[in-house]
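Have a look at these structures, which come just after this line.
In the two complexes that follow, chain A is the common piece, with chain B as its partner first and chain C second.
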Partner chain A sequence: MTTTAQYNFAYLDEQTKRMIRRAILKAIAIPGYQVPFSSREMPMPYGWGTGGVQVTASIIGPDDVLKVIDQGADDTTNAVSIRAFFAKVAQVATTTHTGEATIIQTRHRIPERALGQGQILVYQVPIPEPLRFLEPRETETRKMHALEEYGLMHVKLYEDIARHGRIATTYAYPVKVEGRYVMDPSPTPKFDNPKMHMSEALQLFGAGREHRIYAVPPHTEVVSLDFEDHPFAIQHFEEPCALCGAEQVYLDEVILDDRGGHMYVCSDTDNCEERRAAGHVGAQGVEGAE
Partner chain B sequence: MDIGLDGGFSEPVLQAQSSFRAIMDALANPGTIRKFADLASAHGPLTAELVSTLLTLSDQDAPIWLSEKLRQTPGVEGFVAFHTGAPIVSVTGHAVFAFAEATDELPALDKFNLGTQEYPDRSTTIVLGVSAFAGGDELVIRGPGIKDQLKISPVGLPTDFVAQWAANRALFPRGVDLLLVGDGAVMGLPRSTRIAEGH
Partner chain C sequence: MTDQPLLRVENLTKYYGSRLGCADVSFELWPGEVLAIVGESGSGKTTLLNSLSATLEPSAGRTLYRMRDGEWRNIYELSEAERRFLVRTDWGFVHQNPADGLRMTVSAGANVGERLMAVGDRHYGHIRETALDWLGRVEIAADRIDDQPRAFSGGMRQRLQIARNLVTGPRLVFMDEPTGGLDVSVQARLLDLLRGLVGELGLAAVVVTHDLAVARLLSHRMMVMKDGHVIEAGLTDRVLDDPREPYTQLLVSSILQV
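And now, the complex of A and B:
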């Protein structure tokens, strides 16, 4: 029998987990409020999802089934390595199927398939403070949240309209949670904002470099900021997914050659694969393809 | 009689994880009853649910307040110190967690730390032992985590709970959060929950 040293279950030490767990409980109790926490060094660089990884490590148990996506895809570097990390340090089952997962850690997308009760969505967040690019001082943004002073954010959206004729913010589109806190939904496309509203899943957000955790409980009001005469609207795509023919989903543009050839395919790879397995074929898809 | 140091989690890592998930799910879905998967054993006046919650959430970074009866029982402070290392404070306003085995041991909610407008997360989480989750006065609750509304009727809430909770809710985002523990389970009432009807 080997005697190789083992990491603690799910990598983090127990005291760190308790500290993060306490922060998570407060985040759930105050939806949209960013709870400071003592972020740890993780075996991956900041910017690779250390916040999300710490949140996942603090909640995950042996019975959980973990899915990790990066821009909707299960098979990109960040997703593969984080999935492998938890398979190794927590010996949990992993999956690429949204419906089978109990915990889904995500970088910048919400799965197309509606999440259900008991599922937990963990976001990797680079800049948790929605007001940061408008006001660089933490002392000031904290006061603005305390006083519910969000006029500056509306000025920003108004300036978009003055300059471009519409609200030009397309990702990290600010939302108001339960009528109180303005929150950054992380750099998800605004296409995904409506999925956060009244979701049945618990949504947890971890920002490792910025030392913040925040949350949106299930069945919670999440409203995208807008104006009466410029209501919030999501992106629309002219053509369906070239592989599976899906409409009303978020698409990525794939460049095919240097003569302007391109195709649009599902950003959510699992959704696309499931549709193709069910027999849906898009304009450039292949019948019966794997 | 001193209750000694025996007890605690036999599998600290996994029991803390499963207990935390019960507590987290309870707080994220207010009014629902979440079973502890693997309880620690009871210890004198500390019920199994109180022990499990204490061991899951407390350590040297989280000062706790104990009810008069818990503090007076010989050995409880030693048990807490040995298993968690959490400082025990006598001033309710300094507590990150407050533990009371019964409602008559609990001061008014606004005596605890309510947090500040800038840092509402610094408020106290109160862990209160209840004898049952059904059979008490019916309350209709609404708020984040609750689909439409939910009826709850825990036994052993303070007599003027509806008024106290309305005052606590009015402070939002400040205010205390409440964990009701008993019967092998936990029910969460975060500060965001409103009591719509009840008496």
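And now, the complex of A and C:
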């Protein structure tokens, strides 16, 4: 026996998983609606993805292949620790390849490669309530969701335009799901919003500290809010990825020195690696590199 | 003026437990008419106003409102969605403290535009144009449109609150001490503005005030309240010039003459 035998499969006990699965089913039945659930203490601090981990723990099975990304990267602390956590407590296979994964837990990015049927994307959500900063009363925001009073969401966008001349919200950009609930897509860049629309994959959102789960089922309409004369638009990058030359992907700026040197590279490391393996080379990439 | 009232109140009574808020109030309010409710602190004015404006469910009695389609509806029998929609489109509520009625952390333009966005206006240019127009009408300079109300003086805040309420063209506005807390010259300017807007837009209004001068300037009719009961009602000039009840006489004679 290994030492992990003292843990139940995937860390949570079966009753807890059952409770969370019920919340998930309800969330899937009402796309975009925030379902309360009894969030558990997890062996990691709030803000590190306790909500996402609980969702993943409740849906994962021994045959699943797990991928975890943090800001698109497979190799950052958060991603490595959560991947190691599930490798230990559930003995599941892990991968960094988007195409091979059945469950992808993510913090703030959606992989560039289109997700397919049978894949599940689990988001770690810090603040599930899109109206929070405009209306701090939870009783009131719940009522507003119930009665579909979403004018206030546009007040935020109005403020953006009044102050910056354009909609300056770049992440956690509010969306309307299936023509009904306004939802915070977690702090993903708005670049990823169009990927949520009619996605073939199931998208689950877990907010551990806030005790909320919500979901976007496959083939669901997800529309970013905007004004008629200031339509929604995603970020555009002027140069391609410096390593793999990819265009139409989300790039991170990497500072190279203290004299203003910088480069733009793919935020999605797996996508970048796959492209380089296929022979694509960017301006600062190395031919034939690993 | 039409041949039907806008608001019909029948035997409205509100108890807080065993304590009386207001008792057995009945009146009708006609389109374009301004009704003042006066009385001392604790006389039930605000209880009555809150019961009328769908914020405080009365213990007994009915409040009927003639909707835009001409149908009479009891406002406490509307669904919550209908009631909230009514409150933010066809009605307005001007609070004594502007911070209660404004969003202090968003710009003046957004404060005015919020109601438009709530009823589905999704054109930024149009919202902004309307907001500018309304700021002009309440005498707030156009270059303050992107400032937050936190940066406004008390009088400006109150005028902004009025603009925010009137932007959807309501037919009925409730005001709770609209000039309370403002200094005298600002009060006079605000009253002047209110009187102009009410006349121009043909608004019906219910104004709660303890200031008889406000009632005199704004209202057509007034009701005097004492200990939860309406003790005298009539045309404003009649009540103020020829008060019948001893309490009203006392109230009128207690105005300081400078």
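To be clear about the criterion, the second predicted complex is superposed on the first by the 285 of 290 C-alpha atoms of A that agree within 3 Å, B and C clash if a C-alpha of one lies under 4 Å from a C-alpha of the other, contacts with A are read in each partner's own complex, and residues count from 1 in each chain.
As a convention for this text, contacts are C-beta pairs under 8 Å (C-beta built on N, C-alpha and C of every residue); 3 or more make two chains touch, one makes a residue touch a chain.
These numbers come from a predicted model, not from an experiment.
Visitor: Could you classify chain B and chain C on chain A, in the superposed arrangement, as clash or fit?
Guide: fit
Visitor: Between chain B (first) and chain C (second), which does A:Leu147 come into contact with in this model arrangement: first, second, both, or neither?
Guide: A:Leu147: touches chain B and chain C.
Visitor: Looking at the overlay, what does A:Leu202 touch: chain B (first), chain C (second), both, or neither?
Guide: Only chain B; A:Leu202 stays clear of chain C.
Visitor: So in the superposed three-chain picture, is A:Phe232 touching just chain B, just chain C, both, or none of them (first/second/both/neither)?
Guide: neither
Visitor: Touch test for A:Tyr171: chain B only (first), chain C only (second), both, or neither?
Guide: neither
Visitor: Please name the chain, chain B or chain C, that touches the greater number of residues in chain A.
Guide: When the residues of chain A touched by each partner are counted, B comes out ahead.
Visitor: Who does A:Ala162 touch here: chain B (first), chain C (second), both, or neither?
Guide: After superposing on A, A:Ala162 lies in contact with chain C but is clear of chain B.
Visitor: Looking at the overlay, what does A:Gln15 touch: chain B (first), chain C (second), both, or neither?
Guide: The answer is first: A:Gln15 touches chain B but not chain C.
Visitor: Considering only touches as defined above, state whether A:Tyr46 meets chain B (first), chain C (second), both or neither.
Guide: In the superposed model, A:Tyr46 contacts neither chain B nor chain C.
Visitor: Vertex at chain A, arms to chain B and chain C: angle between C-alpha centres to the nearest 10°?
Guide: 80
Visitor: Would you check which partner chain A:Arg180 touches, where first means chain B only, second means chain C only, and both and neither mean what they say?
Guide: first
Visitor: Looking at A:Pro218 after the superposition, I want to know if it touches chain B, chain C, both of them or none. Which is it: first, second, both, neither?
Guide: first
Visitor: Aligned on chain A, what is the least Cα gap between chain B and chain C? Give it in whole Å.
Guide: 10
Visitor: Same chain A residues contacting chain B and chain C, which ones?
Guide: 143, 147
Visitor: Can you name the residues of chain A that touch chain C in the complex?
Guide: Checking each residue of chain A against chain C gives 134, 143, 147-149, 151-152, 154-156, 158-159, 161-163, 226-230.
Visitor: Quick one: in the complex, what on chain C touches chain A?
Guide: 80-81, 84, 103, 106-107, 109-110, 113-120, 122-125, 127-128, 145-146
Visitor: Any idea which chain A residues touch chain B in the complex?
Guide: By the definition above, chain A touches chain B via 8-10, 14-15, 17-19, 21-31, 33, 35-36, 58-62, 118, 142-143, 145-147, 178, 180-181, 202, 215-221.
Visitor: Can you list the chain B residues touching chain A in their complex?
Guide: So the residues of chain B touching chain A come out as 12-14, 16-18, 20-21, 23-25, 27-29, 56-59, 61-62, 96, 116-121, 123, 125, 144-147, 172-173, 177, 190-192.
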